[in-house]
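Please go over the structures that come below.
Note that chain A is present in both complexes that follow, paired respectively with chain B and with chain C.
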Partner chain A sequence: MEDELSFSDIYGGRLALQRRYYSPSCREFCLSCPRLSLRSLTAVTCSVWLAAYGLFTLCENSMILSAAIFITLIGLLGYLHFVKIDQETLLIIDSLGIQMTSSYASGKESTTFIEMGKVKDVIINEAIYMQKVIYYLCILLNDPMEPNGISQVVPVFPSAKPRLDCLIEVYRSCQEILAPGKATSTSP
Partner chain B sequence: MVLKAFFPTCCASADSGLLVGRWVPEQNSAVVLAVVHFPFIPIQVKELLAQVQQASGVGVAVLGTWCHRRQEPEESLGHFLEGLGAIFSHEPWLQLCRERGSKFWSCKATHRQVPTSPSAPGEDQVMLIFYDQRKVLLSQLHPPTALPDHQAGDATASTRGLAAVFDTVARSEALFRSDRFDEGLVRLSHWQSEGVEASILVELAKQASGPVCLLMAYLLSLISAASTCRVFKLWPLSFICSKLSTCEQLRHRLEQLTFIFSTQKAENASQLMRKANTLVSVLLDVALGLTLLSWLHGKDRIGQLADALVPVADPSSASSVVVYWAYCGQTGLCGQEPSQAECPWLLRVAQLRGRRKESLGAGKEWVAEELQHLLQWLMGAPAGLKMNRALDQVLGRFFLYHIHLWISYIHLMSPFIERILWHMGLSACLGLTVALSISDIIALLTFHIYCFYVYGARLYCLKICGLSSLWRLFRGKKWNVLRQRVDSCSYDLDQLFIGTLLFTILVFLLPTTALYYLVFTLLRLLVVTVQGLIHLLVDLINSLPLYALGLRLCRPYRLSAGVKFQVLEHEAGRPLRLLMQINPLPYNRVVHTYRLPSCGCHPKHSWGSLCRKLFFGELIYPWRQRGDKQD
Partner chain C sequence: MAYRGGGGRRHGPSAAFHPVSPGRLFTCRTPTHNICMVSDFFYPNMGGVESHIYQLSQCLIERGHKVIIVTHAYGNRKGIRYLTKGLKVYYLPLKVMYNQSTATTLFHSLPLLRYIFVRERVTIIHSHSSFSAMAHDALFHAKTMGLRTVFTDHSLFGFADVSSVLTNKLLTVSLCDTNHIICVSYTSKENTVLRAALNPEIVSVIPNAVDPTDFTPDPFRRHDSITIVIVSRLVYRKGTDLLSGIIPELCQKYQDLNFIIGGEGPKRIILEEVRERYQLHDSSKIRVRLLGALEHKDVRNVLVQGHIFLNTSLTEAFCMAIVEAASCGLQVVSTRVGGIPEVLPENLIILCEPSVKSLCEGLEKAISQLKSGVLPAPEKIHNIVKTFYTWRNVAERTEKVYNRVAGETVLPMDKRLERLMSHCGPVTGCIFALLAVFNFLFLTFLRWMTPDSLIDVAIDATGPKGAWINQYPYSRKRGRNKTR
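Here is the complex of A and B:
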């Protein structure tokens, strides 16, 4: 079963949430961020090159122009490979674990898998981010030393930053797997 | 709880038979290790499993049946497979079946006994997880979960989660020893290596490594015994040795070689990795050093380097300084203040020298000469500042005299510099890092800058201290040494008068001293920066775990940070199929985990403390002081 919903992130940008139900014990949520827009790319490139050209007219050194080209290229590559995240996936498998994957725009994927034995719970938390209060989904990890302690809080979808309505959808589905039976009664 | 069956991908095309593996009850998962083919005698299978269990300490058992239907489904085989469950009793009994022409498998887990809960009538939900047996066998999980008491029988409790799967596969290596083509009693299907390529060189190296290690360890122990001789413990030698970076580097290299050639076997994987890393880094270091050596000794480059390093190879500049010094000394002896009329003369000397330098056409840096220029500039009106003329001249002459001493020292040294460099070049055989400890030579050749800096700093420090105590006097306070605090104090009138007078004098002389201090501190910082960069390079070569990085680059599964799962194509009503892959360790964590210890003889100033020290005129050293806090 697969369906797609549309939500917005905290800045108002469009996010697409894909839900895939492979089996009752395995679900996948895939948040697609908006792609790199041609407009912002053009604006950044133009501003860098204009600044370089301005410096060139002042200094009359053509090294500046070639340096600007290299800076733009390397910056774009670095941005696509290390910064720009296109898709974030949360795969939750009953009695096995939770896997978070972020795919970068260049195709690089970074995956973190958390075993179910370490997961204490999945909750929605609120945090102060810049000048506003945002909600985020996070995974609480068990502390091996203390039975009731929490050793770490792992945020889910750290780069997409979806709004609360989207988080509630994901949260309900997660709780259905994590704590079957009482999922419908819990509300965040 | 969902039943998880870990199935090796290499067995997917095996013939029908029995599933052999380990059952992990606390996770409700079955780790399939191999498939036993028909025909077999049940007693022999049980014997083999008992042997493996004894050898590896893993509870290997028959978990169920495996049915690979190549032809049309046969009713008899199905009954036969069900019957096997009675011979090899296991709870629960797995029945894996792969049908011809279909990508989807069927999997059933049946409980022979009465199920505990009435809602689940004898059958569980099953999840199939494929894993690559070879990669899981060879990979090393980070952080390591295995405890030291691992060898002791049932270590299953120490590992939990997926680490148990890794552990099971890694420890049941005894099961994988049997070959596919062996005509043994029991035929198994599992991962097996492609066979070790027998190279005579590798075998010879293996045979030779033992005696070579013994010999080298003996030689190294001789060297270290010699280095602990009492002669080196005497005061000046021990002090010099602790400050020279070459000595530090040699000691570090000795430690490394002793570690590599130690005859003890590496206890665990991390120590083995450390040994390999050290070996590779020493080899690379020596290779780089030999390259440098061959380059240096190629075309008399040593001589050129010596010429470049001797800062005053030009005797004419030295003679002009002597003339100038004689003139200054005359005026100084007469007790006359140098008048403005001297300035054109100075300028002319400077111009003359500049022209001579141009005519020589030497593009080399004359450190001493540049310093003289700098001093002359400082003795005039530097950057248009009006200094205290008398103090300015005194300081300038003092430093000029020092430069003169320095030049004569260099002249004495210059015949030997080339030979010293030649011998230093030979040390490149021990590795690039030893040769790069050239910062000692830089320190020797810029000793005058260090002296200037010390003089300037001491003078400046004195003034700052005097000013601060007099400022306290100004406010009617004093520093109480016994109580370590500032107390109020009533001064006499003449004390106050003298104090104020001294304060005024010090305040007016401060800018001149501060200027000299500033200039020489900047020069000193330049030298320290160059030395620091060389140290950084040496540290980088010494501490980079090259073997681990190479392993990560070529065999990413060997160093794993964990696993990742991929959901394979799915059909309703069939068990879910997942592919388990190794998640390789990121490069930064590889470097962080396997970083080799470097010789930490360099201070780590924070920027704030550095600035504070510079402002108050405390000396900064390129080595770590005994009183410094280790951070």
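Here is the complex of A and C:
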């Protein structure tokens, strides 16, 4: 089963949430941001080059122009390879664990896997982020020393930053797998 | 004012996501408000303002309102925390400048505060303490955003020195367009009205309360011989000079009379002189004991040792000390000054003129009553007094202020500028009117950057749609808040 819903992130940008239900104990959530638009790429490139031309007219050194070209190229590569995340996936398999994958615009993927024994719970929490107070989904990890303690909090979808309605959707589905008995009553 | 709550009431960090039972019924007699308390001073810092905010919020939650608290981060304690009964506290990462008060630029806190006010759907901003820069900032922003404002003043100020002239000017600016002001006593009201040039009609008096469980009598710890306790700062205002006249006179008359004096101050030397001259501290028998400065938590242990509490103040706004003493079951003898006659009923207090002769007569009357056994038992006095100044009553009266404020209109921008310029003098008024315009432009910019519709509405922990469930086992409360 597969369906797709549309949500927005905290800045108002569009996000698409794809849910794939492979089996009752295995679900995948995939949040995709819009790809890098040609318009913003052109805008950034133009502004860097205009600034370079401005500097060039002042000090008349052609090094500046070539530097500007290199800066835009290397900047674009670095941005696509290290910053811009196109898709974030949360795969949750009962009895096995939770896997989080982020795919960068360049195609690079980074994957984290947390085995089920370490997962204490999945919750929605609030945090102060920049000049905002936002909700985020996170995974609580068990503390091996203390039975009730929490050793670490792992945020889910750290770059997409979806809004609360989207988080609730994912949270409910996760709880259905993590705690099947109370799934109907557990909602924020 | 020096009242402190226990430190153990705080709960650890926990998340708000608990089940909401859909059909919860709420019987609300009065409209409920979404209140945001703003002050630089809150727990883990300790003091009178902190416990006032905490106790008031708890009682307001009990009455069905939604209350959140905004303060600045204390060391590692930042982010969002929940206290008992789902009281939500925002510890904002703002820089602390001086004496636990944040720096004020009037602008830098606007984005965060506006975000919080919008996401929590706050309707009334209640700021506390005139020393808190954040409280004034919040008032300023709230008025720009068109929210209703209430301010509680917790302290008395002078008029003469440079620093108070400046703070008074700032207070004038800050309070001239605030909807309502609450003072803790009539003297404080007079002081605030004069300092901030306010219309006295918008100033209410709601006294502080005592936690009666902190001041309980303990008859077994009383001394065998009659003991008079004095707990006050040893300064001129508190009538320490009168005390130095009373002590020798009564000690000569009654051989089994003792004094315990708690407190520190410049007039301590007078009492030491008296003690030397009349030899009241022989090694075998200490008649007059000077304890020096007391921590607030020790006050009760000193009070319960005595039979009679003596207050010799020459001027007093609202004397908490005599309420605390009466709550500990002591017979109170006090001067009839300021607001003291209003504090306790006549059968619990012996009022005298502020003179040595009158106070001695009052004390003798108390001693003879004590010897003949007509005084009520300490437990009985405690039970009467504990009904007088309760936080529930304070919350009830504060609620009335909120109801009144909710019916008022907030001044629109043009009226506000007019008020600022006409009330605060030509120079200050114009400067602050300009700042108000800038603040409004900044707010418009923020609204354009992140429209209100993009801000998620927070899930209420308290109030009519509160999601907080008390009986939830503590181990199930999960989560840790982070500031990134």
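To be clear about the criterion, the second predicted complex is superposed on the first by the 188 of 188 C-alpha atoms of A that agree within 3 Å, B and C clash if a C-alpha of one lies under 4 Å from a C-alpha of the other, contacts with A are read in each partner's own complex, and residues count from 1 in each chain.
Methods note: a contact is a pair of C-beta atoms (placed from the backbone, for glycine too) under 8 Å apart; a residue touches a chain by one contact, two chains touch by 3 or more.
As the structure is a computational prediction, the values presented were derived from the model and not from experiment.
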item: Joint occupancy of chain A by chain B and chain C, clash or fit; value: fit
item: Contact breadth on chain A, by residue count: chain C or chain B; value: C
item: Which superposed partner A:28 touches (first chain B, second chain C, both, neither); value: first
item: Which superposed partner A:148 touches (first chain B, second chain C, both, neither); value: second
item: Which superposed partner A:10 touches (first chain B, second chain C, both, neither); value: second
item: Chain B versus chain C as contact partner of A:39, first or second or both or neither; value: neither
item: First (chain B), second (chain C), both or neither touched by A:115; value: first
item: Shortest span in Å between Cα atoms of chain B and of chain C, once chain A is used as the common reference; value: 21
item: Residues of chain A contacting chain B in one complex and chain C in the other; value: none
item: Residue ranges of chain A in contact with chain C within the complex; value: 8, 10-12, 120-121, 123-129, 131-135, 138, 140, 148, 150, 153, 163-164, 185-188
item: Residues on chain B engaged by chain A in the complex (per definition of touch); value: 1-2, 4, 27-28, 125, 127, 129, 160-162, 562-565, 567, 570, 576, 578, 583
item: Residue ranges of chain A touching chain B (in the complex, touch as defined); value: 20, 22-26, 28, 91, 93-97, 99, 101, 111-113, 115-118
item: Contact footprint of chain A on chain C as seen in their complex; value: 15-17, 19-20, 78-80, 90, 92-93, 111-112, 115-116, 119, 450-451, 454, 456-459, 467, 475, 478-484
